[in-house]
Amino acid sequence: MTIVDIRPHLREWAMPHVLCAGCAHGIVGRAFLVATDRAGIDPDRMVVVAGIGCSSRLVGYLDFCTLHATHGRAPAFATGVKLARPELTVAVFSGDGDGLAIGGNHLIHAARRNIDLTVVLFNNEIYGMTGGQVAPTTQRGAIASTTPRGNTEPAFDSVALMIGAGASFVARASASEPFTLERIFTEALTHRGFAFVEVLSDCPTYFGRYNRLGDGPEMLAWLTRQDSRVAEPLAAKRVVDHLPIPEAPPGLDLGVLHREERPVFTGRRSG
Amino acid sequence: MSARGVVLAGVGGQGVVLASAVLAEAALQSGFEVKQSEVHGMAQRGGAVVSHIRYGDTVASPIVPLATADVLAGFEWAEALRWLPYLAPGGALVVDARRIVPPGACRDHRRWGVPYPPLDPTSIAGRTGAVVLIDATGIAGTLGNVKAANSVVMGAVSRFLDLSDAAWEKAIARFVPPRTVDLNIEAFHAGQQAETLDPADIPELGLDPLPERHYHIDVNEAWCKDCGICPSICPEFCLALDDAHRLVVVDEEACTGCRLCEVLCPDFAIRIVTPVGAQGGAR
Amino acid sequence: MIETRERALLSGNEAIARGAWEAGVRVASAYPGTPSTETLQALVTYEDVDTRWATNEKVAVDVALGASLGGARALAVMKHVGLNVAADTFMTAAYTGVGAGLVIMVADDPGMHSSQNEQDTRLYARMGLVPLLEPSDSQEAKDFTKLGFEVSERFDTPVLLRSTTRISHNRGIVVLEDRAEVPVGGFHPDPSKYVMLPAYARGRHPVVLERLTRLTTYAEELVTEEGADTRVGIVTAGVPYQYVKEVLPEARILKLGMTFPVPVERIRSFAAGVERLVVVEELEPFLEETLKAAGIHVEGKAYFPRTGELSPDLVHDGFAALGLVEPRSSAPTPPPTVVRPPLLCAGCPHTVPYWSLKRLGAVVTGDIGCYTLAALEPLATMDTCVSMGASIGMATGLAASGGADKPVVATIGDSTFLHGGVPALMDAVYNQADITVVILDNGTVAMTGGQEHPGTGRTLSGEETRAVDLPALCRAIGVDDLHVVDPYDVSATLRAIEQAMAHRGPSVVITYRPCIEAPVRIKDRPFWVDADACTACQLCMNLGCPAILWTSETFEGRRKVTIDTEMCTGCTLCAQLCPPRAILPVQEVGS
Amino acid sequence: MSARLDLRFAGAGGQGIVMAGRVLAEAALRAGRAATHSQAYGPASRGGASRSDVVIADEEVVFPLVRRPRVLVILTAEAHRTYGDDLAPGGTLIVDTEASDGDDGLVLPIVETAARIVGTELASGVVALGALSAAVDDTDLETLEATIADRVPASLRAANLEAFAAGRSMVR
Amino acid sequence: MKQSRLIQGNEACALGAVAAGCRFYAGYPITPSSEIAEYMARHLPEEDGVFVQMEDEISSLGAVIGASFAGARAMTATSGPGFSLMQEHIGYAVMAEAPCVIVDVMRAGPSTGRPTSPSQGDVMAARWGTHGDHPAIVLTPASVTEIFELTVRAFELAETLRMPVIVLYDEVLGHTRETVELPPRVEIAGRRTPRVAPTEFRPKEAGPDGVPPLPAFGDGYRFHVTGLTHDERGFPTDEAEVAGRLIRRLHAKVEAHRDDIVEVETLLCDDADIVIFAFGIVARAAKEAVMVARAQGLRVGLLRPRTIWPFPDREVAKITAGASVVLVAEMNLGQVVREVERAVAGNARVEGLFRADGEAIDPEEILQALAPDLEGAAR
């Protein structure tokens, strides 16, 4: 595997970026840049569309054509870009609230159409940009500024949602595994059809602080802890004993979880 | 009969203590005076474990004097070498071809490397009598449980001792877990029959030191937000936060070029640079 | 003859247990410590003995002394440094004397196979004015134990039984005998003997000294003399006797059974019958100096090392230097081989707390236990390790000194905490020390092989009992900043320790996971390394897990790793660290 | 200001009145005149009363909507109730037999004739167009016929022209 | 060669769009605009264009903006409720300066209202529906032919000024078939592309006319687009001075082209004592009313804006200068009337004729409304 220097893919004049210290979104962004390079995408032909939120701010630093759209609507903007100019590679950066709450409709329909987009959904379980409100992905019981006594709603399983909606490539990965991210992004970008990658990221500033999960380094380890390949063995070995161990969160399956070949929507007769 | 000495050497967890208890019991069953000595405690935690057995009509020292052991049984190659001075001139070396490389060996890292010795019986030529190099672990694995490798080794050891099979079997039955008695007796006999391997047939570990490479950790201070992720992840502790909570490169020499800091930096602030001309892809 | 009796191969510790049982011992108390631990574990297998783990060695001696005063033969067992803990009671027990026989078995560790020093317990005997018996093999270990009870009762004194690693962990043939039924004598109050007010104590000291005189005479009965060659006479005891016999089978030897008080006059007469008098003893020149003080010309430490364990070869070298034997043919040098330091076990729950401390940066005072290995690479996190429970008090002092440039953290195991850490934690809270105490609770005394302790909820005999509730204990002491975490949860552990370190004043983190070896051996689904995914960052290697091995495969000039699935316990720690997620549960092979 | 002719077909969805209006407007266009066509949308077009309005003028239709049609074709009773009163004073009323309420105008079996000739009520509008072309001087017969021929599927062309003729013959 | 056809207003809109080079349509079905989508779905693929039916109106305009940045002339069409949903992206298109055309076929509201009935209730929504201080260009055709023309015009304005342009007409016009003569093809001015090298390109740096050049995604210019307040590099900024500069430029580029943008049509206003101000379908009724009144010798004229935003205030002031009464007829309860009052500035009496029941105002109503003043209008 070639080592990719991502600095040429950055708008260096715009750096440093606006994200908080320790926010893992940048790790994801970096892996994405590596993947565009590995996938052999001409940067002039790469378009990244973003919604609104912390993750979406990231696109401003990527030296592609970047479209920082409106809250939740990035899949719609991306649909327009891709349909109007099919030879472009189009990706979407979206947050969990952006993609699954306000933008849920756009996401499921883009998936249903199987339009050739790569959607990266940054899941940090919270609304970061607006100050730490509960998100559709916040786990039950977690503290947010609008769930001061703990979230009473269940969280979205975006992977199940996307498979159900018809996405032809569905993956989940964690910001704590950058190499896997690079690989999955490369596969997603080269997949013909709608590719969805949920990335477990973190928000040390709000989610970490509210839930006492620590700063960037601790939260990266916490992300790893969500992986079912870790969480399930740990839960299995739980022993009944005299000391109270905090309940472990249920594990999430990571990796490429769904892949199929389906007709790709192009909006054209030649499609 | 003057006291016979056997030294069993291996790594904690290999069953050296159990094997020596079996040998001592077999000697007891054969009517000899026996002394068997080992060390417990910290040394057993993955460290080198050695056990001395002496038996005969009378036995004084529980420790085998240097260069007097009739048999040195190595459960692992490097441990066999370690205790080689105990083997009498002409004494038999029984050794499992297994090699257990401690994490500290062959470390690429600058601070922790001690090489593992090559498995080369010619390197100890003239210091032993018979050399029985067997694949005890492999044989035990074939029988169904690699843990029985110690019984295989003892089977090979038994070729050089004057104890009856009956005594051995009785001793094995006394010490091994009840469910594994038959397996261990089978392993013991397999050890008695085990063929001596040609060292040439044993693959090299391929753990020779790799060429040294040097890297530059290029930190863009204007971009870095001192979040602490890279110091928390660097396997070599090249990076740290100083008292003012600012990121500093503290040990660039130790960098192995793994690039974890680079790929886990959320601020795109770190780049590992291989100087031009160095191996491994400059950029 | 011996053929008619049952013979068994027993270790020295097993033989001592057997001897105590045959002597009719009723109460035995000990704190585990290598190389003494197996003694009580052997004794508990016999009937009619109340065998128990004590919180620490002092308690063990207290219990044994109390039992003795109650008229029951009693045994206390510990390693050499344990006697330091028990010294308070021990020194005064010499004054009170005993009820029924009281033997204190102390195992020294010359060579420090598993100890922090190699102090010589014979010096305690002299300081305490207490007789000390020293067996030289398993048979004698049993015999001297029985003798110890007799001496104790006959002279109204506690008796020290000194073993060493080479006695305790040497198996030898022992002739087995039946248990002597010794009825419980009952407690007979005698304040002048048992209440050591100054006035009463002053009365006891002369008694002790008078007893010592009688014991000196008695010690002469416990010598054996052999050999005919009068060119040299060798005075020795314990396992060095075996080495002497090995090297000079025909030499004239005076072997002492009781090395304190030293039967000086018996030795003087022995010296008269030989041309040269040589003392062969391990560690301190105890006999040598006693004899020299008595004006007996003797040679010793000039030829035999004062440090470490003796061996036939070292004894041979000494005799060669003395001109008694030919030098050994030049000792064969070992071929170069790999250094193999001990490691924490695969899946050891102590790993991550130290890994975290290394990441976070702290001055770490350590303590006695498996986790002391965290001082070695790759964890290399421990800055001090001195004595049982010392970590907390030392941390308090280090913090008070103002000399530590990083947060000060004491790390201590569950058993060690209960042994000696609790008073120090109280001190830390009382004096509001700005320290963090990490209590590594693995639910057992792991270092010595997995013994029960007051925190485990089980007794030595396996019965259920009340367990100390460590969090409740800490709260009761006054710890406000208390964290309980699972040390298999890397992130939780990391942040709990970080948060505790950030707290001003005393804070406690209790990490709880059972030891993978005890009370049951834990072997869950192992993990493997997907070599295609491994980027050879070697981050996992920093755990120091013995199941993670090197391979010949490389990536970008670094070596990849693999996992020995036989050794792997499935703890998930390396999988949690692995950035390329190359470490997976084995079930995922091919998926 | 050019003279304008406001016409309305009122009936139910499925009777072909929208097509009839469009054909009428298109025929006017072919004849070199201006026309607009508008219709009722929504629920009304799916049952209930529906309408299809045409304005024809020589040069320009200024206001394109029909308020008081000079010609009103009613095909259902429901449409009769809704639009029956809209007819301009002196206007021409054409009512289907089934929808008739004792009206003064031309009461013709339009729907029945469509069903008989073409086999579907959908052709009712064509029959109505025929009747209307005979009843109103203002319409151009040839362009109307040609427009119908272009508008309907080839397979139904003959039948529709026959229906148109039947409508005309009802009035004559 | 022009050819007379009888076509529906919505169809004319689609034809105008295709003729203007629109090659991207995204929409969501809603009465009474759906025929535009249906027509586009049939015909855009024939022109190698793209039709996509989106999941809602929000995404429809989002896709249109996306397609616009990808270089396509793009549009959407909707009606009241959908227009409300689009307001978010109208604002975005203004801020990001995305050329696009939005057609709102007005129906009776508020809310779901009467879907199949006309209104002119969206005229303020078209101006101020989206939040923030923004310019707007809104065209109001009054006939099927004009729907075609102004749709074409809307594309030209959108492309040359880099902003959304709204075509606003009502249900009646949308559904009415009229005789029209349409040109087979039309040529319009397109967006200006940068003349500098990509490395020199500053995506929001405008020349004197206030309109920055716009390259298409994929043409070698890698630039950032955002709805956040941004600087000339297109990058978000929090500097008040930069923010003020941006917002003022967005307005100024419309103001600079105002006279080109604003179009009004007058009928017999020169001597009119009464000027009827009406747009869209109401202007058709007003025209007939004027013709009826003139036939009676009454001095009544019609002022009909083809551009309602920017509001033709100067034109209104000038044209009504000699009138004593201005009657504003609109199918709402009085939205444009206030603009007219502002423009007339007290020089004439401004009366309103309002109807908001989902029925079109017809000539009779207008004449009735004029009745009290007709005496004064007599020659």
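Should a chain be cited, it is by its letter among A, B, C, D and E, assigned in written order, with residues numbered from 1 in that chain.
Just so it is clear, contacts are C-beta pairs under 8 Å (C-beta built on N, C-alpha and C of every residue); 3 or more make two chains touch, one makes a residue touch a chain.
Bear in mind the structure is a predicted one, so any value in this text is a computation, not a measurement.
Each step here moves to a touching chain, and the least such steps from chain C to chain E number 2.
Where touching is counted per the definition, chain C and chain D have no chain in common. No other pair of chains shares as many C-beta contacts as B-C. When each chain is reduced to the mean of its CA atoms, the one lying nearest the mean of all protein CA atoms is A.
For chain C, the chain whose average C-alpha position is most distant is D.
Rounded to whole angstrom units, the spacing between the C-alpha centres of chain B and chain C is 26.
If you average the CA atoms of chain A and of chain D, the two centres end up 61 Å from each other.
In terms of their C-alpha centroids, the spacing between chain A and chain E amounts to 39 Å. With each centre defined as the average position of its C-alpha atoms, the distance from chain B to chain D rounds to 102 Å. Counting partner chains per residue, chain A has residues 3, 176, 178-179, 217, 220 touching two or more of them. The set of chain B residues that touch two or more partner chains comprises 231-233, 259, 263-264, 281. Annotation, chain-chain contacts: A-B, A-C, A-E, B-C, D-E (touch as defined at the top). By the touch rule above, chain A contacts chain C in their complex via residues 3, 174, 176-180, 212-214, 217-225, 227, 229-230, 233-234, 236-237, 239, 241-246, 248, 254. Every residue of chain B that touches chain C in the complex is listed here, in rising order: 11-13, 21, 24-25, 28, 33-48, 59-63, 65-67, 78-79, 81-85, 101-109, 111-112, 114-117, 123-124, 127, 146-147, 204-207, 210-211, 213, 231-233, 235, 237, 240, 243, 256-260, 263-264, 279-281. Against chain E, in their complex, chain D makes its touches with residues 1, 22, 25-26, 28-29, 34-44, 61-65, 67. Chain E makes touch with chain A in their complex at residues 23-24, 26, 45, 48, 50-52, 54-56, 58-60, 62-72, 74, 88-89, 92, 216-228, 233, 235-236. Within the complex, the chain B residues that touch chain A are 220, 222-229, 231-233, 259, 263-269, 271, 281, 283.
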